[in-house]
């Protein structure tokens, strides 16, 4: 938690020989101290993925110069890449509806600095959590969503997100479907927690679907939001055991525990640049 | 394992007051000693489920008289019911193809008397395991299944099952789809292990489907076979964590571990009359 | 959640024939509608345990008369027993220190009425959470504990608990050891969450002990507090996977997730009278 | 499973800058194609760990030349290191007693080539599994162990292990304590499966100890054998949920499932050179 400042390079490129040597050679040349590194070769897709943490103080230059100097190597390797600085906190805008569990959980982690982020604001279609959010010193915006006002409401959400300079949007059981153009404006920035073990039970009332089918485990899925409902790249999933004695209401209750845990883990991976998206799948360097 | 002989009553009936009192009152009247009992009220279906074990030696009569005396009560309560005797071993016919994991696992449990059953025979569409099965002193029948001979092959399987006086058929990764008339001839007697967490990934090559979708857990499902492929009542399920580094082949390998465990648990529940089917769902009194 | 009012009978007695029949016969005689019932025979200890929920409206009398009428049966069966009324909320006093996770989690559940309890007050040896607790409308008492003032501090805690008419005390990562006389004054009323999978890593800094030993899973244990530190009857436990890359700080962070979940489950079982203590062990009718 | 031949380098050394660059630079220089690589910096111990798989066919030399050329780099970095060849099968000697579950499980995996090893022989202090083992075409040695003959018995086991040119010895629920000199003769070669979640319940009858303590989960631990009983470096652990209704016999039965799974996983990590021992702990690059 009280870690030294570091830079994180997350990248992918076509697979070939010498990739690690090229990248770590560059870092070693400047005496960069690597504290964590992960590599993955997807031999079906022929693509290479990596994530490297380097101590900022070990390098003789700042991030912008790191970027400039690394760019030619990235170009040569045809990389998709980014480098982030642990000293620059991510700005996470949270959207909620009337369910409390994910919101309490995220604010507890934020309050304890377990999630080392800025929360510029919380947006909700209900007033329910205004007091709770504001007590934490976080601005709260009530943006009602009705059948009639959807375009305006989502335009307002987009305006608030832009105004807050958000870089991550979390749908913490928000219960509204974002319009396609909003999803597409922020690819890889919007995380949702779906209350089923996808691809089972897409859409509404998954616990009731699970009850009807008589499954013995229920789950939750944290995924990036795309224009295809509940079809985006999966970041994290988990399940919990139920049995015949559990009603749909019991399942909703159990489900909350797994939802908040899965969302928190998925969000953490995202914030630490551990998630690399490729097509509709993710590489997650935990 | 070396337990005293006992009778097991498994029953369901419309819910009303006084059911437990009526049933346990009858047992108490005859000084029956109840060692285990489970009850479940499904208030959505309005149905009551129960399972009771009574020490055989505590009763003044044998099973047939128990049945005769209990019948009027069962009639009065409109019960679906059966009583079984722990001294009468279930007769389990195992069907396999060319994968070893479930077969080895079941025979290990049988050999150690953890599964206290008779295995009158193993049937396979391949010769692969003849030697292994016969070494255990169990008859092995090779019944090839081709596109042309299906009706005859399944007629032969049915004949062997009847001839063996089987009461349970286990598809231990059998890899052939049973014809509807065979499924319907033995409702609640045929158990299958499906290599996915149903209802996800119905049908062929579920691990490849899972790989394509990028899920973070894979699973297995033990269910009763009905004429609807992979749609029968679920008895038991479990999952195992995978990640981006796992190829479909790795998933097949991980999957084997969860398949054999889930099948063994589901089969055990079935053999101990812990599974009560209602519609397309099960009550499992573990 | 919005369930009908019901009474819960939780009892244990020496095992013999006819116990269920006697108890459920009494209920049936008064047309009591049993919605849930669990029985367990511990044949090593020769003791019988039960828990029965009866719809209040189905009985022709109130709880006090139920008690009076049931008493002779309980006497005859030599029962330890109690009957509780779902309409009477349990009064839970929470003790915390400076860690937020269990407190946020419990208040989220209380706020959503998932935990249907009264929280007459929160007591802490630090001021940290005063604002958070008071914002929820719950009184907050700061009772500092130092090497010098322990007897007075714990006397004050006891006074506050009595004054609040608490019936359950939850040590939600309270980080202070209660004196033996306080533990013994409230047997079966005080729940603790210990941050290890007991009996491993008793005492201080269990995550550091776990790190030293190189275990591959860490856990948490919810137990009743007795005068023997970390030795009381275990109610619930769970674990989470770690690996070589996790520092003690990472383990503390992972541990929080499992601690709050295990405490919430254990507390729920306790509040619903699902936990029956026998010697240093528990029967938990989930 | 039908993977191309590859070499695996497993190494650790004092941490410093440039380690990855040095090692992968050497491989890149010879056009070596890295298919899998894992790195870990233990900043408390100041030590660096790595494991790298390189396609054999991508290199212009054989393994012995690889070793010669790499030696100076290893010396410079003060490495503990080894390189193994996937084409050379490990030789695993299995020791069993009278319990079947781990033996059946290992032979099933060997038979299916999931474990790509040689099993030069199985050694047992009982005749129980002679037929089963020999049916698989594997030599079986009966070495009785009594209070009187221990030194001779273990000398004989050592002789058989040497004669078989074993490089891994697996105690698959062998139930005998190896003498210290045998443990020390083969450090990091002898794997044991202990039937508890260590460090809980060291020594004999762990399930009975677990029953007495009333734990809610039981576990198993795969570890390297050292002269300190049940204290060696832990490779893998897992747990399974139990409850009050489970007798010690039930726990033994459940335990078998977790024992064989944990042993198989631990053995696999060992065989693939994924386990690096440091002091009494392991780094496991799964």
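Each chain carries a letter (A, B, C and D) given by its place in the written order, and its residues are counted from 1.
Here is the rule we go by: a residue touches a chain if its C-beta (ideal position, glycine included) is under 8 Å from a C-beta of that chain, and two chains touch if they have at least 3 such contacts.
Keep in mind that this is a model prediction, so the values were computed, not measured.
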Chain of greatest Cα-centre distance to subunit B: A
Homomeric contact subunit A-subunit C: same or different residue positions, threshold half: same
Pair exhibiting more inter-chain C-beta contacts, B-D or A-B: A-B
Centre-of-Cα separation between subunit D and subunit B, whole angstrom: 35
Between subunit A and subunit B, centroid-to-centroid distance (C-alpha), Å: 41
Subunit A, residues touching no fewer than two other chains: 36, 43, 245
Of subunit A, residues touching subunit B in the complex: 40, 42-44, 49, 197-201, 213-217, 219, 233-239, 243-245, 247, 280-284, 286
Of all residues in subunit A, those that touch subunit D in their complex: 17-18, 20-22, 24-25, 27-29, 31-39, 41, 43, 58
In the complex with subunit C, residue positions of subunit A that touch it: 1, 36, 99-101, 104-105, 107-108, 111-112, 114, 131-132, 135, 245, 249, 253, 256-257, 261, 264
